[in-house]
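Look at the two complexes coming up: chain A is in both, with chain B in one and chain C in the other.
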Partner chain A sequence: MLEGFLGIDVGSVTTKLALIDKNDDVIWSTYRKTKGQPIRVLQSALRDLSRALNPVILGLGTTGSGRRLASYLAGADIVKNEITAHAVASIETVPEVRTIMEIGGQDSKLIIIRDGVVIDFSMNTVCAAGTGSFLEHQASRLGLSVEELGGYAISSTKPTRIAGRCTVFAESDMVHKQQMGHEIEDIVSGLCDALCRNYLSNLARGKELRDPVIFQGGVAANEGIKSSFERELNKEIIIPEHFNIMGAIGAAMLARELSPKETRFRGFSIAHQQLTTSSFYCNDCHNSCGIIEIRDGENIIARWGDSCSKWSAEFEKVSN
Partner chain B sequence: MKSIKRIGIPRGLLYHRYGDIWKELLKSMGFEVITSPGTTESIRDIGLSLSVCDLCMPIKVFLGHVNVLKDSVDAVFIPRYISIEQGAYMCPKFIGLPDMVRAAIRNIPPVIDPVMNLKTGTIMDFVTELNKKLHFKTPDKDEQLRILGLPVKRDYFFGEGKITVVVTGRPYLVFDNIMNKGAIRYINSLGVRAFYFIPDLFSTEKTMDSLPKWVYWSMGKEVVTSVRSMLDNHDICGIINLVNSACGPDSFLVELITRSFDLGKKPYMAITIDEHTSDVGLQTRIEAFMDMTLKRKPLNAWGGGK
Partner chain C sequence: MKLTVPHMGLLSVAYTEILRKHGVDMMPPPRPSVNTLNLGTRNSPEFACLPFKINLGNMIESLDNGADTILMPGGSGPCRFGYYGVVQEQILKSLGYEFNMTLTDNPDSLSGMVGTIRDISDIKDKKHAFTVFYLILIKMAALDKAQSMYHWYKPREINRNESDKAYSGAVRTIGKATTYRELYRSWKEVKKIFRDVKADMKHKPLKVGVLGEIFVVIEPFANMMFEKKLLDMGVEIVRGVWLSDWLNDRFRFKPFRKNQNKLAKKWAYPYLKYASGGESIESVGKTVKFSREGIDGVIHIMPFTCMPELVAATIMNRISTDMNYPVLSLTFDENVSEVNLQTRIEAFVDLLERRKKCWKVS
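What follows is the complex of A and B.
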C-alpha cells in the first residue's frame, strides 16, 4: 500500500495538492483553479488522488490563504503560513538557496535565507498589483491566455515601457500604447518588465538579493517574467521543477517532519460528502463577527470566525 | 445657545494617549463626561461611510465615534492638537480634525476645540480657550494645569508568553482591536507577549541625533525611537511596526527606519493595515514573522542564544 504525506495549498486563485513519500519525493500533485469554490475544488482533487493512487495518508499539512478552511474540511495535522511552507520546500530543493521570489495569484513574497534559515521576508502590502491576477487580467484584455504571455514576451526585442505601479494605470497605459501602434509582443514584454520592477521596488527595497535566487509560484511559468528578472537583477534565476506547487510540497514536508502517531486527516470519504458552507453575522454584540459553517447535509462539521468562541467552542481547534 | 452639561469624548486618535487626562479635566470642571464605546464594526462602517476617501482609516473611524455620541451629548470635545512639544508637529490631519468633523457630520452639537500648540503657545493658552469655549466662569486654573500635566502611562504589556515582541505604532492602532485587526490578540494567541512603550526623552534625542535630521512629527519620533532602541534590547526577540496604509508620516518613517538602522540585528517587520475586512493576510504575516523569529534565535545574540 502506498503511503505518503499530503500537503494542501489553498490559494486565492489556485489550489495545489502534493503527495510526498518519506524521502520528500513528490509522488503525485495537482494544480487547479480555485474558481472561488475552494471546497469543491479540494474535494475533486482529493477524489482524483484517491482514484489514482488510493494512498494511506500519514500526515496532512495545509497552507495558503485558505489553510484554515482546508484544515477544518480535511483535518490537518499542521496548519502553516505560506512563507514558512515555501521556505521549507525551497531549502529542501536547493539547500544553498539565499533568495526566494514567489509570485502567486494575489500575493507576492520575497524570502531571504542565510544558512538555511529565514532571516527576513516581505510580502506585498495592501494592493495586488504585480501579481498573477494582474497578469491574467491584462492577458484577457489583450485576447490572450495567461499561459501565452510568456511566449509573446520573449519574442520581443524592444519592450514597450509600461507603468506598472498600479493595475489601473498599467491598463490605461497599455491601451494608449496599443493605440499608438506598438506591437503586442513588445507590450507584453513591457508588461513583464513593469511587473518585475513593481515587485522589486515594493518587496526588495533595501534587501540584499544574493545568489542562488529561486523564482516560484504560478507566475514563474511565464518565461517573460523570468527573463525580465534576469535582466533587471543581472543574475541567473532558478525555477525549480515543481515551481507552482512549492507551497503544497512545503506543507507536506512539515507534516512529514511532524510525523504524527495518528493523523487527523478525515479520510478520502470527505471528498464524497455533500458539503455546503453558509455564513451569518452574529449580532449578540457590537463586533458583528462573520460566522462560517461547513455542513455535511444537516450536520455542522466545522464553524469558525467568532472572536469570543461562542459559536466555535464545540468544534475542534486546529493548532498552528 | 443651550447650556452645556454633558460632554462627549470620541474614543479614537489621541483619546488613546490623553483620554484619561481629558476626562479628569472636564469632570473637575463639573461636567458630565461620556465617551463612545470601544470601536465596533458598526462604528467603523459608519465612519467609513461619512468620510472622503483621502483620509486615513483612524480619522474615518473617529468620525464614526463622533456620530455615535452626537445625539446624547451637549457638546463634543475634540481639542485641536497642533504641537505637543517644541520643534515638532502633529500630523496635519490632527490639526484639521475639528473642521473635518464639522464638515462631515450633520446636526452635530458644538465642537469644543481648544488649541494645543506648544510650538508657539503654552498650556495656559489651551486652558484659557477651553474655559472660554465652555463658558466656564469659575476656573481653578492651577487645578486644570495640574491635571493637564499628569503623566501618561508609558509601558504596556499585552498577554503572557515566554518571549516578547515589541509592538510599535500609533497608540490609536495599538490600543484599538478593530483598528489593528486583532494583531495584538493574534500575537498573544501564538504564546507571545507584546510590549508597547513610549520612549523616554533621552533615547528619543539620542536616536534623533543619529539621523540626518530630526523627525518632524511627535508620534513619528516615538515610533522611530522605539524601533531603534529595541534593536539592542536582549529581552526582546522581534519588532512589529503597525502602520496604517494611508498614513502620510508613516510612509516616510517606514522608509527611514529601513534605510537608517541595522535591521539585521533583530527580526523587524512593518505590517500595513487597511480597510480589508479579512484578517487572513495579517495572520499570515504575524505567523511567518514568529516562525522566523524562533528559528533565527540561535544565530543572534538576544535571549542568551548559543
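What follows is the complex of A and C.
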C-alpha cells in the first residue's frame, strides 16, 4: 500500500496538490485552475488521486489563500500560510538558498533567507500588477496563450519600454505601443521588463537580494520574466523542477515534519459528498463578523469567521 | 446639552460614568463598526488618515442619535491630528448638522483640561474639577493595566477563552467606578478576577512588541483586531504604546512611572535625535529597547498616510538590519484586506518561531 503526506495549496487562480513520500520525493501532483470554485476543484482533484493511486494519507497540510476552507473540508493536520510553505519547500530543494521570489496568480512574494531561516519577507499589498492573472489577461488580448508569451519575449532583441507602475496603465501603454506599430515580440518583452521592475520596486525596496535566487510560482513558467529578472539583477536565477506546486510540497513537508500519530484527514469519501457553502453576518455585537458555513446536504460540517468563537466553538479548530 | 466624544480605545469607559455623575448628559457614540467607517470615509478627504475617518463617522452617528455637543481634542497636536477637530467641524456643518463643537485647545495643559471639565459639567470649583480629572486619569491607567494583564494571561490560559471573559469582566467592573474609593475596590476585584484564570505559569510563549501610532494601536476596530489574532496564535503581546503613558507624560499622575517619551528619546539615540511628530520617537526608541530585552520581534502599525510613523518605519528598517532584529510594518486604512493581514501576521510569527528554534537567539 502506498503511503504519503498530502499537501493542498488552494490559490486564488489555481489549486495544487502534491503527494510526497517519507523522503520528500514527489509521487503525484496536480495543478489545475480554481475557476472560482475551490470546493468543486478540490473534490475532483482528490477523486483523481484516489483513482490513480489510492494512497494511505499519513498527514495533510493545507496552504494558500483558501487554506482554511481546504482544512475544514478535508481535515488538515496543519494549516500554514503560503510564505512559510514556500520557504520550507525551497530550503529543502536548494538548501543554500538565500532569496526566494514567488509570483502566483494574484500575489507576489519575496522571502529573504539566511542560514536556512526566513529572516524577512514582503508581499504585494494593494496592487496585483505583474502577477499571473494580469499576464494571462494580456496574453489573451494579444491573441496568445500564456505559455506562448515566454517564447515571444525571449525572441525579441529590442524590448519596448512599457509603463509598469499599474496594470491599467500598463495595458493602455501596450495598446498605444501596438498602435504605434511596435512588434508584438518587443511589446511582450517590454511587458516582462516592466513587471520585473514593478516587482523589484514594490517588494525588494531596501532589501538585499543575495545568491542563490530561486524563482517559483506559476509565473516562473514564463521564460521572458526569468530572463528579465536575470538581466535586472545580474544574477543567475534557479527555477526548481516543481516550481508551480512548491506551496503544496511545502505544506506536505510541514505535515511530514509534524507526522501526526493519527491524521485528521477525512478520507477520500469527501470527494463524493454534496458540499455547499453559505455565509451570513452575525449582528450580535458591533464587530459584525461574516460567518461561513460548509454543509454536507443538511449537516453543517464546519463553520468559521467569528472572532468570539460563538459559532465555531462546536467545530474543532485546527491549530496553526 | 447632550455631549458626545469620539471613541479612542477604552478612553470612553474611563470618563463616561464619572462625567455622568457630575451632571454631564453623556451620549457615547456606538463602538466603531463598518458603518462608522463607511460614514467617515464617504465624508472625509481621501488622504486623511484612518483615525480622522473613524472619528468623523463616530460624530455623524452620535449626531444622528440626537447628540448636540461634540468634545474633541485639538490644539497644537502631535501631528495633523491637532487640526482635525476644526476640519471635522467644517465638514459636519456643510453636511447640515447643527451642534456645538468644544475643542480642547490645549489637551497637553492641566489648566486647559480642568477648564474643559468646568465648562461641560456642573462642577464649578476648580479644585473639585481637578480631582475629577485625576480620577479619570487613574481609571484610564487601571484599564490599561487590566489590558496588559490580559495580554499576559491570554497565551498562558489553560481553558480556552477564559481570559477573554476575565478581561471583559474587568473592563466592566472598572467602568462602573465613579469615586476614588470605588475605583480602589474595583481594582481589588479585577485582581481577583485575573487570579482565578487558570494559567500555565511555566509556559514561555513568543513575545511580540507592538508599537506605532497610538490611535491604531489602542482602537481594536482600527487595526482589524490584529492583537486578538496574535493572541489567538498563542503569542504574548508586549505593547509599547499606552494611552495612560501618553497622559502620564503630560500630567504626571503616576509619580513612579518615568516619562516614557524622555526615555524613548534616550533609547532612540543615535537613530533619531529629536521628536519628529506622532509616536515616532517612541517607535524607534522602544524598538531598540525591545531588541535588548529579549522580546522576539516588533510589529509596527500605522494608518496609511501617517507621516511621523512613516519616518519611524524607515528608521526601524535600519535598526532591523543593524541589530538583526525582526520588524514588521503594517499599514491600515479602509482598503486593507483582512486575508492579506492574516497571512502576514502568521508568516511573521512563523519567522520568529523558526528563528528562535534554529538559531537559539534571545
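Quick note on the criterion: the second predicted complex is superposed on the first by the 320 of 320 C-alpha atoms of A that agree within 3 Å, B and C clash if a C-alpha of one lies under 4 Å from a C-alpha of the other, contacts with A are read in each partner's own complex, and residues count from 1 in each chain.
Everything that follows uses one rule, which is that a residue touches a chain if its C-beta (ideal position, glycine included) is under 8 Å from a C-beta of that chain, and two chains touch if they have at least 3 such contacts.
If you're wondering where the values come from, they're calculated on a predicted model, not measured in any experiment.
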Three-chain arrangement built on chain A, chain B and chain C clash or fit: clash
Partner chain(s) touched by A:Ser309 [first = chain B, second = chain C, both, neither]: second
First, second, both or neither for A:His286, with chain B first and chain C second: both
Partner chain in contact with A:Tyr152 - chain B first, chain C second, else both or neither: neither
First, second, both or neither for A:Ile119, with chain B first and chain C second: both
Chain C-contacting residues of chain A that also contact chain B: 65, 80-84, 107, 115, 117-121, 123, 125-126, 206, 286-288, 307, 320
Chain A - residues contacting chain B, complex: 65, 80-84, 107, 115, 117-121, 123, 125-126, 205-206, 285-288, 290, 307, 320
Of all residues in chain C, those that touch chain A in their complex: 30-34, 160-161, 164, 221, 225, 228, 233, 317, 320, 324, 326, 331, 335, 339-340, 342-344, 346-347, 350-351, 354-355, 358-359
Residue ranges of chain B touching chain A (in the complex, touch as defined): 37, 40-43, 178, 182, 185, 190, 245, 258-259, 263-264, 267, 272, 274, 276-277, 280-281, 283-285, 287-289, 291-292, 295-296, 299
Of all residues in chain A, those that touch chain C in their complex: 65, 80-84, 107, 115-121, 123, 125-126, 206, 286-288, 307-309, 320
